[in-house]
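One chain, subunit A, links the two complexes that follow: it is found with subunit B in the first and with subunit C in the second.
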Partner chain A sequence: MTNQSTNENNQPHHLRKMTVMWVILSVVGDVLFSIFVAPHVPPGRLTETAAKDQTDFNILFEMAIPVLFGVWIYLSYSLIVWGDKRNPNPAFSGDAARTNMKAQVSWIVITTVTVLFLAGFGTYALIVDHGSGGGQGPNPAFSPSGALKAETAALVGKATWSPGSKNVLPVQVIAQQWKFTYRYPTFGGFESSQLIVPADTTIAFNVTSLDVIHSFWAYQLGVKADANPGVNNVAFTTTKDPGNFIVRCSELCGIWHGSMYNSGKVESQADFESWATNTEAANSTNTALLPAFAWTYTPDANGADGGYYNDDNDPYSTVETYGAKQPS
Partner chain B sequence: MTISEERSTEVTGDAAGHPHPPRKLSWTQRPGIFSQNIITALVFAVIGYAIGHWFGNYLSSGYDYIQNSGQNAIANTLALAFGVVGWLLGIGALNYPVAKLFGVDGLDEESPVDNWTKYFRYTLDHKVVGLQYVVGVILFMFTGGLLAMAIRAELLNPTTHLFSPDTYIKIVSEHGTIMMMMATSIIVGPLGNYFVPLMIGARRMAFPRIEALSFWIFTAGYMVIFSALPYGGFPTGWTGYAPLQTQAGPGMVSYLLGFAVIGIGMILAGFNQAVTIINYRAPGMTWSRVPIFVWSILATAALLTLATPVLFAGGLFGLLDKTVQTAFYVTEHGGSSYLWQNLFWFFGHPEVYIMALPGFGIAGEILPVFTRRPLFAYKVAAAGMIGVALLSFFVWQHHLFQSGINPDMRPLFMLTTELISIPTGFIFLVGMGTLYRAKIRLEIPMLFVLALFFNFLIGGVTGVFLSDVPVNVTVHGGFFVLSHFHYTIMGGLLFAFMAGLYFWLPKMTGKMMNKKIGKIHFWMMFVFFNLTWSMWIKPEAAPANPWESLGLEWQTASPVPAYNFERIPVIMTDPYRYSEEGAPAYADLGVGGSESSNPSMA
Partner chain C sequence: MSLTGRLSTAIGLFLVAVVLIVWSLLAFLHPGTAGGYTDYTVGHTAGAPVNVTLQTVGAIGSGFGEHTTWVSYLQKDPTTGKWIHDTSMTLPANTVINVTIDQYDSGSPLRNQQWGQVTGTIGGTATLNGKSFKVYNSYTGNGVGHTFAVPGLDVSVPLVGVNGNLTNICGQAPCGNLPHNVLTFSFKTGAPGSYNWQCFVPCGLGYLYGNGGPMSTLNYMGGFLKVVA
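Now for the complex of A and B:
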């Protein structure tokens, strides 16, 4: 090792050593990772969607660790073994070989296979997990069964949900500078600043904005969907047990972006139903003033509030505005 | 002065190197107070600004509500635009086209005096432009770096605040914008302009006027972007998403116009580099003999030329929305909030590779010198760069994964994004292959290159995480992305820039950097990713070829003569034939050049 020039015919020697170190360190690293780190990787396991996202995240980590170790071991090994201070023999400069076809071909094959596997696996996970909790736009291609029916029914006020019904629960998320509010079309379209959802239920979040682009990020639910004005962005999650989660805005939306967060709850189905029906009753006078339930609310000349309130009821409007009438 | 008259690829040429005889100086160029330099440029810029502002207020005089309010986007836009034109007029960048317009011929644009003042003038020598760029980008980076330190200072404590939210968001936005625009030019500008002609054996760039113009546009763009702060800043971050953009105050005009102005400079610099590399290579320099740094600049030039016009158009749409009330990005009037996102990222993702590729090129250029080995898998490296450049146009929608784009597009863009990691990974094949059985000299440039491999690996692997849609749901738009791109740009590109500076400054200045301070700089920067400006103390005179490189740029005289080569060199063989016994010299430089002697065998 100290004298390269006598070692000319022994090239695989280096690679074998590095491989042994690499295998050992990678196995140790992966095992340590799965014991100590993997359970804490975001977004946790509060919902089925979150759990699957976490599993995918961990699979990537387990694959990344050998890659990182491979390169780092190679770099350190080269510096130690082939540094010029260790190799004072002036007769030997570097190896003049320009390339090695076998190394090139195997590199390209290995990286290609890895990458194609990752793309295939990611696509599989995305489809099987109904979009993995990401915003799918107004026409979600990977929706759970019954979701589109519930969404269509919600628009005409006919969506139903009760404990044990296994129905998909549509919830509307309305973002504006700088808060989120939530409308529950299944319960008379009341609006709340609290996000409470039932356990063991598939939720269809319908995310829209009244002004600029926001992003609805329900961290522990494994949901993230941008809120665009005039666009209904749908994301699905399937809840399991009761628990708490936080909601943050994840798209820079102006000076109070950092303060645009609140917390939400997954409650048992019975608790949720009693909360929802009580809130519906308590808010019925307010709900009557809101525009009819719709998937989007076109902002108008009054800016941030625009059109969300009927013009007649617009608390901020000093002048009659144009357009923005909601279908009743 | 047409190109065909003085194609610098002709082997024979005027030994003194002057393409045309000296002419009478016009009054604008005589040394003294009236000659055109950075001061006249400033004066003209201020005059242009005032005229533009007045004109804008005049045009919008029908709208009492905004006229003279300081919020008049028409006046602000025209003021900045006229200011840029004034800057270019004042520096003399428009002398030639204006003279041509009036039928005046034979204008001499060479610097009137050959002393330090040429660095503050419009100069056609690519080496001067290169050095101007070095100082320019460092100033640019210094401004962005100060803003970064302001961000870190605010984040020292979550409850005690240094800045109001309003100020903080301006600082964040300005930091991102300045750094991103600086980073697009940080290697192509200084090292590309200085060394590409030297490395391909040319006497100059294909379009010297455009080269100089691109630098002075770059500086104008810097000032326009910086003017956002006195205008009250903008709240959108460097991505400038509409409709927040439409809602923002007058600082947004500086952002949009600044992108457009710098965009022009990037397009000009890009096609100038591409034309130079394709047409001005010395005889014998076939495509398989082109240094890898030149390949990387060629791939980058293609990206600059093709991607930047989209940003330019996007910025213009935004300006129209703000000034004459069009509705490109205004949903309620028939526009779309997605339009800016798509335009911006269609430029923005190739931009990432505009920043990464020259860094790979520098790594590939420096590795053989300090390992005394040929570059491993040279052809794969070049093919990888072209592959990255091509694929980078097909990945932009991964920035919109959670935005509600057509959901069917997500698997497709997940695939393309992961595919691009294959050609990007070639740089690791090349780097690791070159290190194999090498004789590694840990000089400062080499340290920076090794750090690049360390940092960029983390940046690259986290990129694969981001491309995976289920994982992207959690990490999109968060600190994971923030760390990822700081690892690629700061850890990759900036380390490459430093490697390149330490490697080539001895050639550019004739001075060796102080090794001890250089090593401290390296370790500080590697450990803190920070502290950058401490290398000029106690410089020693540089030997002609301090690193014993075989590269063509080291074979010319030092300091480099005005027209680079006494005679255009003839390229004899492949680059990087280190440690190969009996290998012929890379280039035949004719009279006065180092005839053969392969320094690696010495």
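Now for the complex of A and C:
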């Protein structure tokens, strides 16, 4: 009989004891986490995208808890049961563990399965249905049904949306140093400092910039998309119930970057329609002066470029009579 | 070194590290004092409006630091009546602020005409040389030189430019009886807090996208409103 088998006979059922403790603590930990913590894990459930993000985070937590308990139980068990004074020749720790086939195989199999599952789950979540909250550039590979039609219609001023229509609502996010503004092509192309979107609606955020690189980050919506000048970066999400959210710029963009945020609202469809039609009417004078709705805008050459662009391009207006006279 | 000596050295270094960390945290949490803010709360009667007078100048000239060619705001000190190069103010909360801006700079079309619309003021209007307006078409007239905007309060007012072809445009602050537009508007401060305000016209000519230089330096084209109870 070898020394190892002798030790195992003298100290039986270590693995079984640890496994039982690990299973009990893991189940209790996961259940407690599910009940008391999981519903409050950011970013919440204001949109389908956010809800899926929360689910992903919770799955990671639920998997991490057994791993955490596994490490702690093995460490504690080793310290308590296999200390040198108590047992100078342990069967399942120290040098013995390095040659213990059960320990080696268990560790390799468990960690391999865990990591492979997370890799597979992450890939699935990213590609199949969770990835659309991030900006996908001007030609999204993963777009909801009806999104392409709505985007095309928005560009020619024919996008429509009404409560219950289930149409995708395009909203343009315009970043500039140092504020976001929002255009609603479905409602005459008015521009506003307020971001309000209807509940239970798929939103197509078309994100661009008038100057440097910014990033549109509506955390509670599960949306984050870079705002690049000259680029239309499209991100989708589907809102659920009414609620409030915060928009922040998440790309360091200059002195007032830290102040480049605003609050937003998901409102009921009726309230949103009321707000949008009222704002469309209130802003109509200024909307008529805005450039035609487009996915991107080139800063004007008439001085509005800040001296950065060549003065040979005037996409906003052919009127160049400013400076001719004092206003009355 | 004896054990006591080593122990004393270790404890001493640890205490120094703790002090440095605490000092850094406090410095981060309290980066400055009230100094540098022009205080409009001194002698203010609760409920009474506060009058703020500003001016904008295309080139601040000598006497206000090394950037003599930079565009800048100036503020009239409410106590002394002197023009000062300071863009931070302490204002009372929930109070009507009557703002008068003497705009001495020329203008141009806005990069985003959205800033041509008056927002966040009482009545949604401002006056240009005594005439009320809600929207200014920056593609006409002299364009817009600057804006006064407090994003946190959704306040934005376009400051219409003077004729850029004039030969007597002010180039030395403070400007006096030279061509300028007078803009007035009122807004109400909200709850106590710190709000930044800024110009949304990229008027830092020669700098990246026009938003460097004076647009990115405190006391030129932006500052803070410290609203206190």
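In the analysis below, the second predicted complex is superposed on the first by the 230 of 328 C-alpha atoms of A that agree within 3 Å, B and C clash if a C-alpha of one lies under 4 Å from a C-alpha of the other, contacts with A are read in each partner's own complex, and residues count from 1 in each chain.
Everything that follows uses one rule, which is that a residue touches a chain if its C-beta (ideal position, glycine included) is under 8 Å from a C-beta of that chain, and two chains touch if they have at least 3 such contacts.
Owing to the predicted nature of the structure, the values given are computational and were not obtained by experimental measurement.
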Determine, for the superposed model, which of the two partners subunit B and subunit C contacts more residues of subunit A. B
State whether A:Val156 touches subunit B only (first), subunit C only (second), both chains, or neither. neither
Between subunit B and subunit C, whom does A:Trp178 touch in the aligned arrangement: first, second, both, or neither? second
With both complexes overlaid on chain A, does A:Leu60 touch subunit B (first), subunit C (second), both or neither? first
State whether A:Ile35 touches subunit B only (first), subunit C only (second), both chains, or neither. neither
Applying the touch criterion given at the start, work out whether A:Ser193 contacts subunit B, subunit C, both or neither, answering first, second, both or neither. second
Answer with first, second, both or neither: which of subunit B and subunit C does A:Gly254 touch in the superposed model? both
So, A:Val115: does it touch subunit B (first), subunit C (second), both, or neither? first
Tell me the contact category for A:Asp226 with respect to subunit B and subunit C: first, second, both or neither. first
Which residues would you name on subunit A as touching subunit B in one complex and subunit C in the other? 211-212, 254-256, 299-300, 306-307, 323-324
What does subunit B use to touch subunit A in their complex? 165-166, 169, 235-237, 239, 241, 243-244, 247, 331-332, 337-338, 371-380, 401-408, 410-411, 414-415, 418-419, 421-422, 425-426, 428-429, 432-433, 435-442, 450, 453-454, 457-458, 461, 464-465, 467-478, 576-581, 583, 600-601
Please output the residues of subunit C touching subunit A within their complex, sorted ascending. 106-114, 116-117, 119, 128-129, 131, 134-135, 137-143, 149, 151-152, 154, 156, 160-165, 179, 181, 196, 198, 200-212, 215-218, 222
Quick check: in the complex, which residue numbers of subunit A touch subunit B? 4, 11, 14, 42-43, 52-53, 56-57, 60, 64, 67-68, 71-72, 74-75, 78-79, 82-84, 87, 92-100, 103-104, 107-108, 111-112, 115-116, 118-119, 122-123, 125-127, 129, 131-142, 207, 211-213, 215, 217, 219, 222-226, 228-234, 250-258, 298-300, 306-307, 323-324
For the subunit A and subunit C complex, residues of the former touching the latter: 174, 176-179, 181, 191, 193-194, 210-212, 254-256, 259-260, 262, 283, 285-286, 289-291, 297, 299-300, 302-308, 316-317, 319, 321-328
